[in-house]
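Letters A, B, C and D name the chains as they come in the text, with residue numbers starting at 1 for each one.
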Amino acid sequence: MRTGIWLIGARGSVAVTATVGALALRARLVEPTGCVTESPALAPLLAAAGLAGWSDLVIGGHDVVPTPVLKKAEALGAAGVVPARLVAALAAELTAHEDDLRALPAGAAQADTAGLIAADVTAFRERHALDSVAVINVSTTEPAPPPHPAHADLASLRSALIREPVLPPSALAAYAAFSAGCGYVDFTPSTGARLPALHELALANGVPYAGNDGKTGETLVKSVLAPMFALRNLRVNTWSGINLLGGGDGANLADPAANAAKVASKQRVLSDVLGYQPQGTSRIDYVEDIGDFKTAWDLITFSGFLGTGMRVEFTWHGCDSALAAPLVLDLGRLTAAAQLAGRAGPLPELAFFFKDPLGSSSAGLTEQWTTLVDFARGLST
Amino acid sequence: MRTGIWLIGARGSVAVTATVGALALRARLVEPTGCVTESPALAPLLAAAGLAGWSDLVIGGHDVVPTPVLKKAEALGAAGVVPARLVAALAAELTAHEDDLRALPAGAAQADTAGLIAADVTAFRERHALDSVAVINVSTTEPAPPPHPAHADLASLRSALIREPVLPPSALAAYAAFSAGCGYVDFTPSTGARLPALHELALANGVPYAGNDGKTGETLVKSVLAPMFALRNLRVNTWSGINLLGGGDGANLADPAANAAKVASKQRVLSDVLGYQPQGTSRIDYVEDIGDFKTAWDLITFSGFLGTGMRVEFTWHGCDSALAAPLVLDLGRLTAAAQLAGRAGPLPELAFFFKDPLGSSSAGLTEQWTTLVDFARGLST
Amino acid sequence: MRTGIWLIGARGSVAVTATVGALALRARLVEPTGCVTESPALAPLLAAAGLAGWSDLVIGGHDVVPTPVLKKAEALGAAGVVPARLVAALAAELTAHEDDLRALPAGAAQADTAGLIAADVTAFRERHALDSVAVINVSTTEPAPPPHPAHADLASLRSALIREPVLPPSALAAYAAFSAGCGYVDFTPSTGARLPALHELALANGVPYAGNDGKTGETLVKSVLAPMFALRNLRVNTWSGINLLGGGDGANLADPAANAAKVASKQRVLSDVLGYQPQGTSRIDYVEDIGDFKTAWDLITFSGFLGTGMRVEFTWHGCDSALAAPLVLDLGRLTAAAQLAGRAGPLPELAFFFKDPLGSSSAGLTEQWTTLVDFARGLST
Amino acid sequence: MRTGIWLIGARGSVAVTATVGALALRARLVEPTGCVTESPALAPLLAAAGLAGWSDLVIGGHDVVPTPVLKKAEALGAAGVVPARLVAALAAELTAHEDDLRALPAGAAQADTAGLIAADVTAFRERHALDSVAVINVSTTEPAPPPHPAHADLASLRSALIREPVLPPSALAAYAAFSAGCGYVDFTPSTGARLPALHELALANGVPYAGNDGKTGETLVKSVLAPMFALRNLRVNTWSGINLLGGGDGANLADPAANAAKVASKQRVLSDVLGYQPQGTSRIDYVEDIGDFKTAWDLITFSGFLGTGMRVEFTWHGCDSALAAPLVLDLGRLTAAAQLAGRAGPLPELAFFFKDPLGSSSAGLTEQWTTLVDFARGLST
């Protein structure tokens, strides 16, 4: 199966890390560490399901900025996000990759813009003779949009898009992807495909979608620690944390509205797993000097037998781009395979990958894993 | 079902905390926080299986020290391990509890000692008209004993016990428990029932056993964090930790031989979950001033996509006695119920409770939970 | 020398902890741990200077709430801030202490209110035949007040106080204290005596003042860690932190304006010591469950030789009231002694005690200590 | 003033980092971050004292291993200890530096070996027309040597050195340095110059010496945090820590005897500053994967007012070589300058740089700084 991944935000840190990695994996320069689809337990099932191999995977995408991918990759190499030697070894491939990138188009009306986006994606699919393409949003986090009546059904949305801007960029990308017959994944906490009108379009066109907000750091730890307390029947009183991060994503999150969207997404796991919301909040602070390696600190206070008070602290020091990139490749391959297997609409079985997953699946990482393995098994039969 | 729990080490911190808790639960003075058998997901299944209610649970035991239980409970109250107000409210019950405690007997030969222990347990069962009694070892950790040919089969063991001391105290207690027709649980990393001769005796007498080494702190966190790395296909390079603790258990672990037994038990989870052993060790240091509230710190370094290095640290500040005590009550109730349901030999389904569980079950906490729920379901049918 | 300490906020946690401590020290029930004036290096100098002994120290004060001191002390005992056994042993003294407490008076105009406050303080001084009284503000943090022309000189202030409310409560207390011939200390980041008109009054009446914002936790650590980097010629790039606290002070700091005043005070030490302001901020979050034992976490990233990046993290888990209370006793005794030694106006030599000290003294703790020792030596000669 | 630094262990991480740095500073490629002698407060005093400028500083040394310096520097560049671009820019200078390195000589008797070492150092001094040379030991830590009567006076030592090996390598290097008329600094916890016979030789030949054990990480933090508790009259109950490190120094410290020497050195600061020894120990564990960036974690528990228990934790994540290297340059320049200023025997004024300083100076970093500034002032007058 030949698969395409079309990235919205294709010149950003996550996208370029994923691109360097995909090229390095194709050239057999690295091991697929961090790629969930290459886990010993999943890989054989997915091979049987015809998941795209590294040589059958092509990446393209849109971006609003013009930074050359090679230049961005070199900057990531200098920052320690990707090995500088890999960037040097893949310089020619990274330059050639420019041919599959496009400036994010803008039309007179949102309907026109969506048409231009869809045309770019369609041309990419045809140029590379791809069986399936997944569009993945890895651009920066948007504020939550104001509600609009046109979000409620597809007919209203279509007529509104001709008249006025009613969709935030992430939702417009989902609209364009579905229109082009592609699956859509939102790796951010933005709206993406989560509108009734878009759900209707996905079903109408027989395409799947997944999201939201890739689970890469502090929330990943939460999704295994919170079940520990629940299974042991311990009462969590406080769960407070702070994330310090620089880089482009950090700068964007200095905007209070985007920050609020992200923070809400980070706390959902606690009430989902525990059945109640402990005190405390999860803060995100932009500190330019921290750069791509985020530091998150969490304090958890809990009560044990006879009410005895205890506590856990953890510090997570991780590179968000390096944690996100292999998941982007995983999600592209899985969504494309799901589409070929005939799936349309939401893919709640991919909850393993997200902070704020679609559907009502469990928020505990291990249950999500079991669901994912079942999903992989289903694809192959 | 009327159930007894007979504690080896009945005047120690864990035992007295469990006793205060059992009395407080019977008197409805507290919620069963930390009792796994009272989790919303397990409690209905176990009620259907006839698990002993709090008013049907009686505690007795042996100890080598004569400290009055009320005095020990008051000391635990002053140290913040149990609420002082509970100790005051239960003073009469704690004094009456002395009637069910015995000095650990010693005979001319180990066979005699075992006979005296079994007689005490049998008298306890008859005095309280109990359907089933589980003997639980909560005394301090022993060094690993030298191997002996008599450990290999029951006939050899029986003749050896008349002649010479061949069993460490924990194994002698298991021998006595099985002889008295009781189940046995080892909450410590000591030998306990883990000898072929004892396994033979358990099967012969139709009694179950479980262990080893209650999973209360740092290892509990390991059992959820290690799967996180495995599921995400991240490579753990280093997992190093240190446990600082005072109290009686801490003092005992200052003995290098006991320390070695405990440390080995603490690292097993990593190789079991990850399939390889990361670098690093888990240290245990005795610091008298730390008292009952242990502090453990762990550093985990790991490689992600393209080999990028990242790290997590956690600090666990917990009260071992308060974490262990509800599990002791859980294990007593579950083992007694298993015996009445006809189970004999090892109970690998109780792996959820142990650092170094019997049998080959998964080391991941969530899989262990699933197994436990299935076990509970089986008991009730 | 007989000395009085008159506390604004006399029924709050800090004040009651200080009161319990002063009574316990007088009764020789405890050691003076945490009292800087009892350090081996300072105590002989201060004894020579005639510093008030524990039996010559009397506490009184104002508060807006009517909670009985004994009841508050019992609550502090239950929370582990003070030993419950001390509260029980001092119950009679704590009840008798009510005789020296007054409701915070309010007049028709601020001039009237100040007169009533001054009258209460004067009556306290005469009733106990005190040589000197220091008024200390330990009430909750105020927002920064709007500027007002009447703050600029004493004559303007006096006429304005008759007409309209121009002073925040902390400054009105300073005005009243100075009017009554008493020294004033502000243990909070509020305005206190820091207005030109109040400085003028202090000089006119020959009374000293000190402040602001007692250095009890995270900032105390900053005041020794920041000099470490400076002395080693290492470059601090980021210093970010978060303080999680409950209790009354925490609730007040949930107010953004009060929070801003406190945060500014906490960061001043860095630019003072380092000569530049690193990136990052110091946050304060109210988490009710955390109670009186604050947890603060700080991340410091720095560059060493040839630009190599390194980092330090620390977690401070302290009880603010227990850290503040001995300093309140120290400051009362020292300010009273300074007044008798003829000092008027600001006491920059007390910078050791404050986050945001008056005057231009060094922000490094050890230099502040040297200054304090010289000050003590000066008092005794 | 032209100054030489002769390093024992000249091909190790610390030495090569110092060499790269010295060359980079001479070429004005970097700022002197981490060089204490370049602090704004010290630099003018030292310039007045004629301290060697970067262009007047020459490095040479002995080593037992033959690894080319450029190759070692490239490895340090790959590990992030020094910037790889600096190593590339200085490749020619690093190759030329080989001319000033010698294999550590060995003679028939220790007297012969010392003679050969001294001859190498003397030839280096003459070849570069140096006014003064300081020999600095940066090789790995030795176990404490057995006592020997020949250590007591110079005459006994001289005759013993002909017959039998009585000195550990660090002391033999000091003997050779003094014999060659050079100062000696021990940057390790090894014996170095700390024997009466060597002291006698230093005085006889009019040369100074300094040590021991460069204060680079956890102990540096201790030397500012411990005074904080002392100055605030708080009681430290526990101070326990663990150091995880890889690299050459880490491997050596896996040897229990060397480890013991280092651990003792690390704890001395606490009893020196506090006047008592808190409970707890400081462990050092070798974890190969950790490499050059050491992680140290410390837990401090302390009692405040009325005995209230509190705690601080810190994690230090630093590169030992990058922290040590500028101090090596500082110590070489300062010791050489002290010799030219006529100083002979121990230099206790350099305590600022050491974990276990010679002489009885204060263990608090700020007092040590004051002493260092006075020393610099003395050199210039």
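The criterion applied here is as follows: a residue touches a chain if its C-beta (ideal position, glycine included) is under 8 Å from a C-beta of that chain, and two chains touch if they have at least 3 such contacts.
What you see is a predicted model; the values in this text were computed from it and never measured.
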{"item": "Third chains touching both subunit D and subunit A", "value": "B, C"}
{"item": "Comparison of A-B and A-C (more C-beta pairs in contact)", "value": "A-B"}
{"item": "Rounded Å distance between subunit A and subunit C, as computed from the means of their C-alpha atoms", "value": "50"}
{"item": "Centre distance in Å when subunit A and subunit B are each reduced to the mean of their C-alpha atoms", "value": "43"}
{"item": "Multi-chain contact residues (two or more partners), subunit A", "value": "80, 313, 315"}
{"item": "Parts of subunit A lying in touch with subunit C, wherever the complex brings them together", "value": "237-238, 240, 242, 244, 278-281, 283, 285, 287-290, 295, 297, 299, 301, 313, 315"}
{"item": "Subunit D residues within the subunit C interface of the complex", "value": "17, 20-21, 24, 30, 32-36, 38-39, 80-83, 86, 220-221, 223-225, 227-228, 230-235, 293, 303-308, 310-319, 322-323, 325-326, 352, 364-367, 369"}
